[in-house]
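The following pair of complexes shares a single chain, chain A, combined with chain B in the former and chain C in the latter.
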Partner chain A sequence: MVRGGAWRRRLSTAGFYALAGVFMLPTVFVFYWMLTLSLKPQIEATAYPPSFVRFTVTLAGYREVFTKYPFFLYTWNSLVVATGCTLLGLAVGLPAAYSIARWRQQRLAVVILVARIIPGIAYLIPWYIFFRSLRMVDTYGALILTHLIVGLPIIIWVMISFFEDVPADLEDAALIDGCSHLGVFWRVALPLVKPGVVATAILSFVFSWNNFLFSVILAGRQTRTLPIAVYNMISYEEINWGTLAAAATLITLPVLLVALLAQRHIVTGLTFGAVKQ
Partner chain B sequence: MSARRFSRRTFLGSVVAGAAAGPFVWTPARAQGFTWKRFQGKELFLLLTKHPFIDVLEKNIPEFESLSGMRVKWETLPEIQARQKMTVEMTANSGGIDAFFTSLHVEKKRFWKAGWYHPLNKFLADTSLTSPDFDWNDFTPGAKAGVTQSDGSISALAAFVDANVFFYRKDLFGPKGLTPPKTLADLEPLVQKLHAPPGTYGIVLRGLKNANATQYPSILFPMGGTYLKDGKAALDSKEQVAALEMYTRLLRQYGPPGVVNFNWYECSASFMQGQVAIYMDGVNFASQFEDAAKSRVVGKVGYAVLPSGPGGHFSPIYITGMAVSSQSASKEAAYLFTQWATNKANMIRELMAGVGVGRTSTWDSAEVKAKPKMPADWYQAYQASLKIGRQGLPEIVGVTEYRDIIGVAIQKGIEGAPAAQVLAQAQKDFQDLLNRTEG
Partner chain C sequence: MSLGRRAHRHAAWLFPAPAVLLVAAIIVYPIVYTGWMSLQEWFASSLTRPRFIGLANYGKIVLGDARFREAVARTVYFTIVAVAAETLLGVAMALLFNREFWGRGLLRTLAILPMVATPTAIALVFVMMYHPTLGVANYLVTTVGLSPFRWTYSSDTALYALALVDVWQWTPLIMLIALAGLASLPREPYEAAHLDGASARQAFWHITLPLLRPTLVVAILFRAIDALKTFDIIFVMTQGGPANATETINLLLFNQAFSYFNMGYAASMAVALFALVMGSSLILIKVRRSTAW
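For the complex of A and B:
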């Protein structure tokens, strides 16, 4: 009886992992393909059908990424811009989302969403004129501000629902005990939505990290970000696959690291139940 | 006595004054002769495109800086992104770009209508601005036509000239005693003889819509077809029907599987992997064919001029040039750069690196002959193609839209739709486009 139960449990665990594996396979396979491509010489990269197991390993692609292009500068630029955009986005977005959730400012929320719906390219020319007259083209400031148009609406919209889930009774209790509205937001609401903050921070970071369009126009040689670096491998009638895949692999790594490190905070938390309904 | 002394003093005084004023007085006289140093101390900003021509040129920009005494800053972006940046900068009227690399086969009329090219006619005629050895007439007629607008204004100096040529596998032709086709009528039987799937497919050409529009004229022009007739769309002529039938039949019957979605990348990759016997595309691909790190057919590729047909003998050409921005504050200085970038010395360097250029004098250059990077038949095929070069795409504002229109027709044709039927639709769409954007 007991052994049968253990077996069943083990079987269901195996089934879970098998199913998870099946669903993950397409995603993981693409990464694997990218990785093999980054290690292949060009002549094997273009072979058809492609070989995923046996191929000549070369680090030429990685070498080229670091020797032919200022890859560290691009990485630094991307880090500064994505971090700046995320921090500024949180600083503005969290109070905004809290206020929208608490005082039901639905119209405001829709207006913010519209900013996200409008295709980014529509902003480019006005922005360019604007930043040029402020002499801000090719500065981190311009990139961080423009990336907010992508990051901020996401932060606000995701956080609205998180703040709505915070029981109003908890906040009322804090207010009765003499806490200010700002104090309630800072000491009560914010700690309870920490998992949401981490999740949106990752999203905002990734969106900024991957943003290409704004960086092409508003960045110069000193502030160019990583996605543009990948496009450097595409020339007229020629694609340098090994180098391109090497750059893509290197660009993906930091994002994966950030997501893995932050994941812990998403899983824990959510310890609601402070109020009995 | 005192009068003489006075006059001597005045004379001396005037000499001193003359010496002091010298640099200013002499400026017009100095301008009469050409000098690279004329704009010494200025700074230029260039918007360049990721391109083999630019790869070679970039390395030599410091040489221009020391020659001219100017400082040059530049940015190199992939073509599409460069075009986006260009559009934003020019629409914002920023004046930030002095000179730019321009794909005339796409941008020629669009940028010209927008007024972004500064016309170079006066600069070229001005002996104080144009180096005596520049020689405008050294460019082939096709290259000159490619940079000249319908009103005669010259929008750019031709840099890279891509011509469509005939690539074939010598190692497959040789044993069977085959030679490159002289006419279109020879082409199909030849392809048939070489077609031996799955090891070798007879021919590959671009099948994907939009991309295929630059290879289609390799058949269309010798067939006698044109894009426009008296300013009206001419996509439903009988020459067009014959050309589209042939292009699509070749790919349907003798192309590798999936060719209907092949862009240049898939085409050149399948050729370099040794899977195809014949490929017609831009001459520029050859430098990849002959690179052992990228190709399995090094030394096995033959190069020939495209076959002729009932309509004549043509090679579709695509020109990229160096242009001066109409918004630049230093147009003359920027012109010095464009002139240097396309001068004989730089063009020889390009040709030695295997990048095709449109200057006749470079073909017989001793330097190129002494150290050829490419096989001899590549140079021959390229020269012969330039002589019969014709702009490969219609010179209209909506080039990209046209490419989509004909591209869809070709794709449908490859999938088996009758040529006359798909071209009737394309004709209608193309005329609509012309009505909307031209005139």
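For the complex of A and C:
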């Protein structure tokens, strides 16, 4: 009886891991395929049947990305825009989130939620007309402001739930001791929600880095970000698959690594605090 | 009264003031402006001034433009196919993974990767995988004994091929949300059901699913909102083709606005898309509130 149970348990453990492997295989495979394609020479990248494990490793694709295209400029542009959007979003969003949590300003919270629901393209048409008339197309300013539409709502909504967890007694005690509201926010509340600030900063950075819709219209030759650069690469028919895959890997890898630092909060951010992990 | 004191008294509106101003400028104003544009004949490229035409654009998209109607149906269909597949798969995976096991942390890490990966890059990888003669997708499909597909290269399969990318990217979100929901379920109903001799299947249908429903509705709500707005992968992989087979509202209106510069007309489509997204959200919220399963 006991032995039978142990057997069954071992078998079901094996079955569980087999099933788990089947479910997670597609996730792993796409990344694996992107990485291996980026390391293959052109002949092997387009060989049929494809080779899964044994292939010649070359960095030619990566070399080509940097020599044939101004990839450093694109990376710099992506960094500037995502960092600018995140810093501005934090500067404006943290006090707002604090105030919504502390003084229960639900109406502002609802506006932010609606902003998350509205299709991005509905903003893009007027933005395009404004920026064109202001001659601001192809400037960092235009990109940072529009990326805030994606970043700011996440920062505010995730931080509301963090600020709500700060004990009100603590803040009231500081107020009675003569601390100003700004002082309470800066010296009492903010240090307590530091993990949340890090997580939302990362989320905002990642979503700005990934943004395609706003940049494809508002970026130009000088400010083109990585997703747009990669999209433009596809339109050349003769391009190597290895080069394309290398570009895809170079864009994705940084956000994957950065996002892992905030992995506990990503689902919270994506569901606007509706689900806490 | 000193400036500091005054600031102290008004802190409740001074704190959010910068965010309110910014939101008004970058979110509220453009939306109002889009609504205003939708009432005009407005070509961004021509020298003629915008002309107020009332609801004529809306009349045209609802009654006159067959292409728009098809795009609406396609958008809704794409969303239903993708979100249904994600929900079924995601819940199945959550039920499987809802236990203590070695590698739980690794599972969550893996689940998060597709959601944060740059959609443009992922679309690019799928473009290469979907290649009808050189792609690995057809190799895998024929290895398991199916005949090869033309994926995004045929108008019969293109929409499904795109939905598959969406499923690949977002099933983990539903799984993680469902896992969080399962973890918060109370134990008592299961103990009571066990005492009453209920089978595991009965417990699932009569306890787990009803208790999980609010969580699932949240998951479906967020997925549906974003699936209706899908743009990046479609634009990169098919541009709405072949033969308009993947032309969703977003794609159609993007081309109206930025290829034909027909801004007023595109704005009316944007308002219609917003109404569709908002309407779906309200329906789902209502479903969540009603108590009957």
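Everything that follows uses one rule, which is that the second predicted complex is superposed on the first by the 212 of 277 C-alpha atoms of A that agree within 3 Å, B and C clash if a C-alpha of one lies under 4 Å from a C-alpha of the other, contacts with A are read in each partner's own complex, and residues count from 1 in each chain.
Simple rule for what comes next: a residue touches a chain if its C-beta (ideal position, glycine included) is under 8 Å from a C-beta of that chain, and two chains touch if they have at least 3 such contacts.
Small disclaimer: the values here were computed from a predicted structure and weren't measured.
**Student:** By residue count, which of the two partners contacts chain A more extensively, chain B or chain C?
**Tutor:** More residues of chain A are touched by C.
**Student:** Return first, second, both or neither, reflecting whether A:Tyr48 touches chain B, chain C, both chains, or no partner chain.
**Tutor:** Touch status of A:Tyr48: both partners.
**Student:** With both complexes superposed on chain A, which partner does A:Val30 reach: first (chain B), second (chain C), both or neither?
**Tutor:** A:Val30: touches chain C, not chain B.
**Student:** Is A:Pro95 touching anything from chain B or chain C once the two structures are fitted on A? First, second, both or neither.
**Tutor:** A:Pro95 sits against chain C, while chain B stays out of touch.
**Student:** Output check: A:Thr67 vs chain B and chain C. Expected answer is one of first, second, both, neither. What do you get?
**Tutor:** So A:Thr67 meets neither chain B nor chain C here.
**Student:** Quick one: classify A:Leu256 as touching chain B (first), chain C (second), both or neither.
**Tutor:** Only chain C; A:Leu256 stays clear of chain B.
**Student:** Between chain B and chain C, whom does A:Gln106 touch in the aligned arrangement: first, second, both, or neither?
**Tutor:** Once the two structures are laid over each other on A, A:Gln106 reaches no partner at all.
**Student:** Quick one: is A:Ile149 in contact with chain B, with chain C, with both, or with neither? Answer first, second, both or neither.
**Tutor:** second
**Student:** For A:Val206, decide between first (touching chain B), second (touching chain C), both and neither.
**Tutor:** In the superposed model, A:Val206 contacts chain C only, not chain B.
**Student:** Is A:Ile125 touching the first partner chain B, the second partner chain C, both, or neither of them?
**Tutor:** both
**Student:** By the touch definition above, which chain A residues appear in both interfaces, chain B in one complex and chain C in the other?
**Tutor:** 46-48, 124-125, 128-129, 132, 213, 216-217, 228, 231, 234
**Student:** Could you list, by residue number, the parts of chain A that touch chain B in their complex?
**Tutor:** Its residues touching chain B are 41-43, 46-48, 124-125, 128-129, 132, 213, 216-217, 220-221, 228, 231-232, 234-239.
**Student:** Which of the residues in chain A come into contact with chain C in the complex?
**Tutor:** Its residues touching chain C are 16, 19-20, 23-24, 26-28, 30-31, 33-34, 37, 46-50, 91-93, 95-96, 98-100, 102-103, 105, 108, 111-112, 115, 117-130, 132, 145-146, 148-149, 152, 156, 180-182, 185, 206, 209-210, 212-213, 216-217, 226-228, 230-231, 234, 241, 244-245, 247-249, 251-252, 255-256, 259-260, 263, 266-267, 270-272, 274-277.
**Student:** Can you list the chain C residues touching chain A in their complex?
**Tutor:** By the definition above, chain C touches chain A via 4, 7-8, 11-13, 15-16, 18-20, 22-23, 26-31, 33-34, 37, 44, 89, 93, 96-97, 99, 101, 103, 107-122, 124-129, 133-134, 136, 139, 168, 172-173, 176-177, 180-181, 215, 218-219, 222, 225, 228-229, 231-232, 235-236, 250, 253-254, 257-258, 263, 266-267, 270-271, 273-274, 277-278, 281.
**Student:** Write out the stretch or stretches of chain B touching chain A in their complex.
**Tutor:** 49-52, 55, 73, 75-79, 81, 84-85, 88-89, 91-92, 94, 96, 264-265, 268-270, 272-273, 275, 282, 284-285, 288, 292-296
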